[in-house]
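Lettered A, B, C, D, E, F, G and H in written order, each chain numbered from 1.
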Amino acid sequence: MSEKIYEYPKSINDTATHYCAGCGHGIVHKLLAQCLDELDIAGETLLVAPVGCSVLAYNYLKVDGLEAAHGRAPAVATGLKRVHKDKIVVSYQGDGDLLAIGTAETIHAANRGEKITILFINNAIYGMTGGQMAPTSLENQVTMTSPRGRDVGDVGYPIRACELINTLEKPYYIERCSVHDVKSINKTKKAIKKALTCQKEGLGYSFVEILSMCPTNWGMDPVKAVEWLENSMIPYYPLKVFRDKGVKADA
Amino acid sequence: MDKRILMKGNEAIGEAAILAGCRHYFAYPITPQNEIPAYMSKRLPEVGGTFLQAESEIAAVSMVMGASAAGARAMTSSSSPGIALKQEGISYLSGAQLPCVIVNMMRGGPGLGNIAGAQGDYYQATRGGGNGDYRTIVLAPGNVQELADYTIKAFELADKYRVVVLILGDGYLGQMSEPLVLPEAVKSLPPKPWALTGAKDRAPHTIASLRLYPDNYLEKHNIELEKIYTEIKKKEVISESFMTDDADFVLAAYGTSSRVCKKAVRILRKNGIKAGLFRLITLWPFPSEELEVLGKRVKKILTVEMSMGQMVDDVRMSAGKFTEVDFYGRAGGMIPEAEKIVERVKSYV
Amino acid sequence: MLKGKPIINQERCKGCRLCIGVCPKNILEMSEETNRQGVHFPVCIDESKCIACAFCATICPDIAIEIIKFTPERE
Amino acid sequence: MHNEIIFAGFGGQGVILAGKILSIAGMMEGKYVSHIPSYGAEMRGGTANCSVVISEEEVASPVIDHPDICVALNSPSLAKFEPRMKKGGLMIYNSSLINLKASRNDIEYLAVDANGIAERHGSTRGVNMAALGVLVKKMPQLASLDSLVEALDHAISARNRKHNAVNVEIIKEAYSLPL
Amino acid sequence: MDKRILMKGNEAIGEAAILAGCRHYFAYPITPQNEIPAYMSKRLPEVGGTFLQAESEIAAVSMVMGASAAGARAMTSSSSPGIALKQEGISYLSGAQLPCVIVNMMRGGPGLGNIAGAQGDYYQATRGGGNGDYRTIVLAPGNVQELADYTIKAFELADKYRVVVLILGDGYLGQMSEPLVLPEAVKSLPPKPWALTGAKDRAPHTIASLRLYPDNYLEKHNIELEKIYTEIKKKEVISESFMTDDADFVLAAYGTSSRVCKKAVRILRKNGIKAGLFRLITLWPFPSEELEVLGKRVKKILTVEMSMGQMVDDVRMSAGKFTEVDFYGRAGGMIPEAEKIVERVKSYV
Amino acid sequence: MSEKIYEYPKSINDTATHYCAGCGHGIVHKLLAQCLDELDIAGETLLVAPVGCSVLAYNYLKVDGLEAAHGRAPAVATGLKRVHKDKIVVSYQGDGDLLAIGTAETIHAANRGEKITILFINNAIYGMTGGQMAPTSLENQVTMTSPRGRDVGDVGYPIRACELINTLEKPYYIERCSVHDVKSINKTKKAIKKALTCQKEGLGYSFVEILSMCPTNWGMDPVKAVEWLENSMIPYYPLKVFRDKGVKADA
Amino acid sequence: MLKGKPIINQERCKGCRLCIGVCPKNILEMSEETNRQGVHFPVCIDESKCIACAFCATICPDIAIEIIKFTPERE
Amino acid sequence: MHNEIIFAGFGGQGVILAGKILSIAGMMEGKYVSHIPSYGAEMRGGTANCSVVISEEEVASPVIDHPDICVALNSPSLAKFEPRMKKGGLMIYNSSLINLKASRNDIEYLAVDANGIAERHGSTRGVNMAALGVLVKKMPQLASLDSLVEALDHAISARNRKHNAVNVEIIKEAYSLPL
């Protein structure tokens, strides 16, 4: 007897993505599609795509999609959700989007406890614009705009999103995970599913940060990128559940 | 029974929006339009709607974008500097063809300026401070009744063409109370088959302003938009003429300054001078043809604005070929005085 | 007895090699040929060793791998 | 008929409301009216004022540079608007709080013991009503006493309407005083 | 020795700013101008300057405001949507009379549009999306050499008039490399007695755009500003004429589209058609007089833009009284083809 | 022998302010002026005034003053300080300014550790615009835009600025104080002085939150307002030093 | 023997009454008259009781009070 | 003389640099030149290209719709630009990586074993240099060999100039090959 135990998710198109080889966005897209399949909610999901490498996410995922201006995805998602209270609204964002230009929208949507799900792809870089320093770029990380490495004396330390949001009262579920290895990917899938479940059941705001590779702008091949994520990012960005007010675990 | 009530301009906009079926309003406080959010925060929950004070003007226009994409009639309001902050959002809304209504109760500028009523945002409203080729319809009501009536009209136009409609008032119009007959509530809202409602049983919808591949994808979109704009220019111009039929001299104005102009026309007529008023109600589409026709007939047009001279550009562009176009303005929140206008026109005789 | 095997969609592959690194059985290798994008893709050099762990598929960012698991028919 | 009236006082004196009531009364009599309050930063320091135009013609600007009539309920208000008044204008002032030292001789001053009248009816808030009563007595072209009384119900939200009986009494007493 | 080097437009701007004495640059990444921040992040520390990547375009323009008020030559750069976000800041800078240089490497719009070069922000640049009556000088260089030269000029003009100067390039100009002779370094910077340096031994300085009391305080300020703008209009117009002396048909264009127009003129001349090019370098102040003169002399003016038609408004306003003004444009990041322009002009003969 | 033990500070003009009776801004202005006097730094202080009731602060304090756009004061202050590294840059901001529209600028200036001083006047309301709900308005607080009281279910809980900023690495000194009574006012003065000293000595970013009365928009007379601050605000906004990396206490 | 006294600048006073409430000696009261702004201001009804604690001055938002302290001459 | 050349390949192949070197060489010979890379989102997926114009007239648009010459260093690049080429154009392709199946009969194809040549000099990165050598041999109007060699030093930052000796060797070997 044979069985396909890992198959192409239904909620994703079969067009090739524009992502670079080894890009973490691809993995997250796949996980999101799998979760949409398993929860059977693709037909009621509204996806807000950010300005960032994932701007075309709506071209890949088979859900209704809306583009937000750079950084404004949580506010746009708020508008969607306030109209369609029964739909699942997902705001997919990069680190430049969520933690630089979008800081105010991020904090305030979280503080209001909007019943939306934020998927935060932290690749410690501005991917789409060619590798500038992000709020999450690590100390001494060389980027297009920190050619001598991030000087924390001058520009401060990388910001930790989960920790910041965790100071607010209303968020319901906050977790940081990663897509650099198989175990972490499986955990990430669970986290995304939990976050979506949180919203589906009307419990509240859910936030999943996902450490993700950008081989292109890190200037590494994908295999090196995976190592760098593990050895450099995770020590600064610990993987853990920051808050879970009680989302039912799901098989 | 007299249905007239005395209502503040800002509140009239709020109530009219509700009558137009708007149930989603997002805004950030700024004088002189604070009565709109205050009113909406009271009234919207009563009719099952959503009032949300956004963390900024940018967040507010983004929330409007979300609500509009969801298919709702959505509105935000602000005043001059706050509208400057919404320019990127307006450009996105226009590019994504999302209908909505944005109210600007103009105040004195530039910068923080002051909080008196002014008309210094004509350029901003009609040319856009957003990026790229796009247009917004700009309605310029002249009294509280019109603030209400044109708010309803604004939602209709927005949905009809899937464009942003600006209501361009000023601090005086927003703050003043006048008699008003509330318009009828809109009975049924137009269907929005393009809206995001979940892709269950249909192909997914995408709403975006990005047009990346192929190279000429965006240009095609620009041409599509231009077609819509051309149609609007053809069909939606609104203006009002007062005693222009036999006029030698015509004042061109909108909003608060047009009220003073009307008074000036009356005084001039009493003085035996054939003056008239051409009042613009749509600033975009601009009543170019009407002004051309007028330009061919009259001796002079005096554009009166509460600015250093902005709309006068458009008046010149349309009527300037045929007649002289003069300008009189007060800026920084001052209202032109009828007497000064009269004086200026008398000097032409 | 075959336990499982990866089905590799060459044309979706971008050649990142992540799958190669995670296979516990070391049975994935990059191809000599390239696909239509000019990219080398993984090939399974010994399907008999595949344990259907799906690690390769899990890490693939481009959903270029599906996994088939063979279960012996119950007797 | 074209009158430009300013009501001015401090925060709690209800000058904005007084202007609204007069405007509604005028409106009910079919006149053109407009009402605009001072707003924003101008309000800092606790003073307030509003401009009311009542006219037989469409109102051009609701903003009044040189009022025909001013109702000043406290001294700073009188001080602020006295110099701006039109020649021949009417200054109704709250003699309960203002110790008049008239600085113009080309306008008419009319004292009303507004706090006194209001307090006689057990009201601390009816100062504005007293002023209105005197105003329409003196300037009947603005609105009739009846219109004013009727306007009260329209101007005041349901929650506060319980005070209207007293308000009417105050208006009427002020109206009945000899000018 | 040949001093020419091959340099990218964006980098030429960066180096020229440094040569102009700019030591404070704040910006937020956006394509197609990312080489400016990248270059500045490398170079500024080498010359003792400050490069700071801001958290947003709004923060960047605000930092520029602070640095400018402190008396420094300060610059920011962005592209279309990012410039839309700076509109409030530009209005404040203008109101507070703070000099600075802002670079817009335009891309296709509206909204996110695409990242190709375009000229769809002419309205935004020349009319302003900020609130109130203000003007910014707009320089439109046409090649890499000019990007450098006019960057220096931009700082000079900004300081001279205490205004915001926009450098309006586009993605093509920013991304292309061309031969370039670097301009001379500016030797001495003008004194700024108005700057904030601490009120030790002098009366405190205040820099603000707010003009609250008395009622006409703001209007007086508006009139002051207008005087400056009038002087700029008188003195600072720059344009270039190519084969217009005997031309029957003149192309009017700026930036990248003017390069193509030049080629078209050459082709037309070869075809025996008397064509010329009027290239605008300052978009504001607009060369109205020059165009009027031209309008009186030529048979037709064809405005060529990489937009759906924006500058053509201004060409019509100036030359339209005297001659016909036609428009040819490509939008959304497309470059007009010389052949199409030639065709159009031929159709006039 | 007689001595003026409390006198009109040198660093403040004698023009009347535009503030309402009993407004906390007046007290803070006075304290700031006293500190400028005592540290003798008025001549080297650059004040960034916010958009809010205190927009005219530069008309009162005898220092160089600059107006920022609403919410942007920390970014404007950054620009000033990056040019004048040896000057004292003070950003004076209200709660709407600092925690709503200016959230991103607030967080990022703090994260960079700009060597500036933020004086944050938290009066739980938008004062200048006539009393709308602020990010700091308390649960159930009735305002112009929360006519039924702040519904934390819908709009979230009031945000605590010190706690939020305290999650970032670089700030050097963070304290919350109040001006509702004499003891607190004296403490506030010490805090302001410490913050300015922190900057004067080049140590880093300093942030002083000051709970402050807005009788006008709270709809209370000043005496009631003082009570409300004490009984309603302080329980939610505890007065304390959140961080002091070692500013020398000053007599 | 006088220990201290408040010097009240009537014209600066906005009548908030905060000073009245904090005086530990209860010697401040609001005036009957008003200043040029039409505002009542505090008056000290018994300077002999003033202890120069400066509480009144400290809380005054409008810097309308200064405090003089009298120290007995050393003998 | 007016030539529009596109260099295309994948990320590490140095096509942008090749374009720069050619442009500098052209510039040094007093020609009008422009160089513009593909940028931004176009770069995703690891392909890169640049457009170079070398002309005796001022360059109008730096963007090339229909190249006269294309240097394609990998298959996707060939596939992308082959259909866009001008009739009679020249396609120089990297035969080390491209298995040519020509789909046009109105352009000329010229194979260069670029990886082979580079590897012979112990370089993995010199593929672009090999292509340049062949290009100027075939199209001497663009720039001379000498100019090209001189341009190398200007185009390459000091840090990387140590490779230039090898680069020159590669260029020269490619140039020396029979066409």
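Definition applied: a residue touches a chain if its C-beta (ideal position, glycine included) is under 8 Å from a C-beta of that chain, and two chains touch if they have at least 3 such contacts.
It should be emphasised that the depicted structure is a prediction, and the values quoted were computed from it without experimental measurement.
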| item | value |
| --- | --- |
| Graph distance between chain B and chain D, where chains that touch are linked | 1 |
| Maximum inter-chain contact count - chain pair | B-E |
| Euclidean distance of C-alpha centroids - chain A vs chain C, Å | 26 |
| Mean-CA-position distance for chain G and chain C (Å) | 87 |
| Distance between chain centroids, defined by C-alpha means - chain D, chain E (Å) | 55 |
| Distance from the mean Cα position of chain G to that of chain A, given in whole angstrom | 61 |
| Multi-chain contact sites of chain G, meaning residues that touch two or more partners | 14 |
| Multi-chain contact residues (two or more partners), chain F | 19-21, 55, 67, 69, 100-101, 103-104, 107-108, 128-130, 135, 154-155 |
| Chain H: positions in contact with at least two other chains | 39-41, 45 |
| Partner chain E, residues of chain F touching it in the complex | 42-46, 48-49, 55-56, 58-59, 61-69, 72, 75-84, 87, 104-105, 107-108 |
| Residues of chain C touching chain H in the complex | 14, 34, 37-38 |
| Touching residues (chain side chain D, partner chain B) in the complex | 20, 23-24, 27-28, 33-37, 39-41, 57-63, 154-155 |
| Contact footprint of chain H on chain E as seen in their complex | 2, 4-6, 31-32, 115, 171-172, 175-179, 256, 259-260, 262-263, 266, 335, 338 |
| Residues of chain A that touch chain F when the two form their complex | 100-104, 107-108, 111-113, 135, 152, 154-157, 159-160, 163-164, 167-170 |
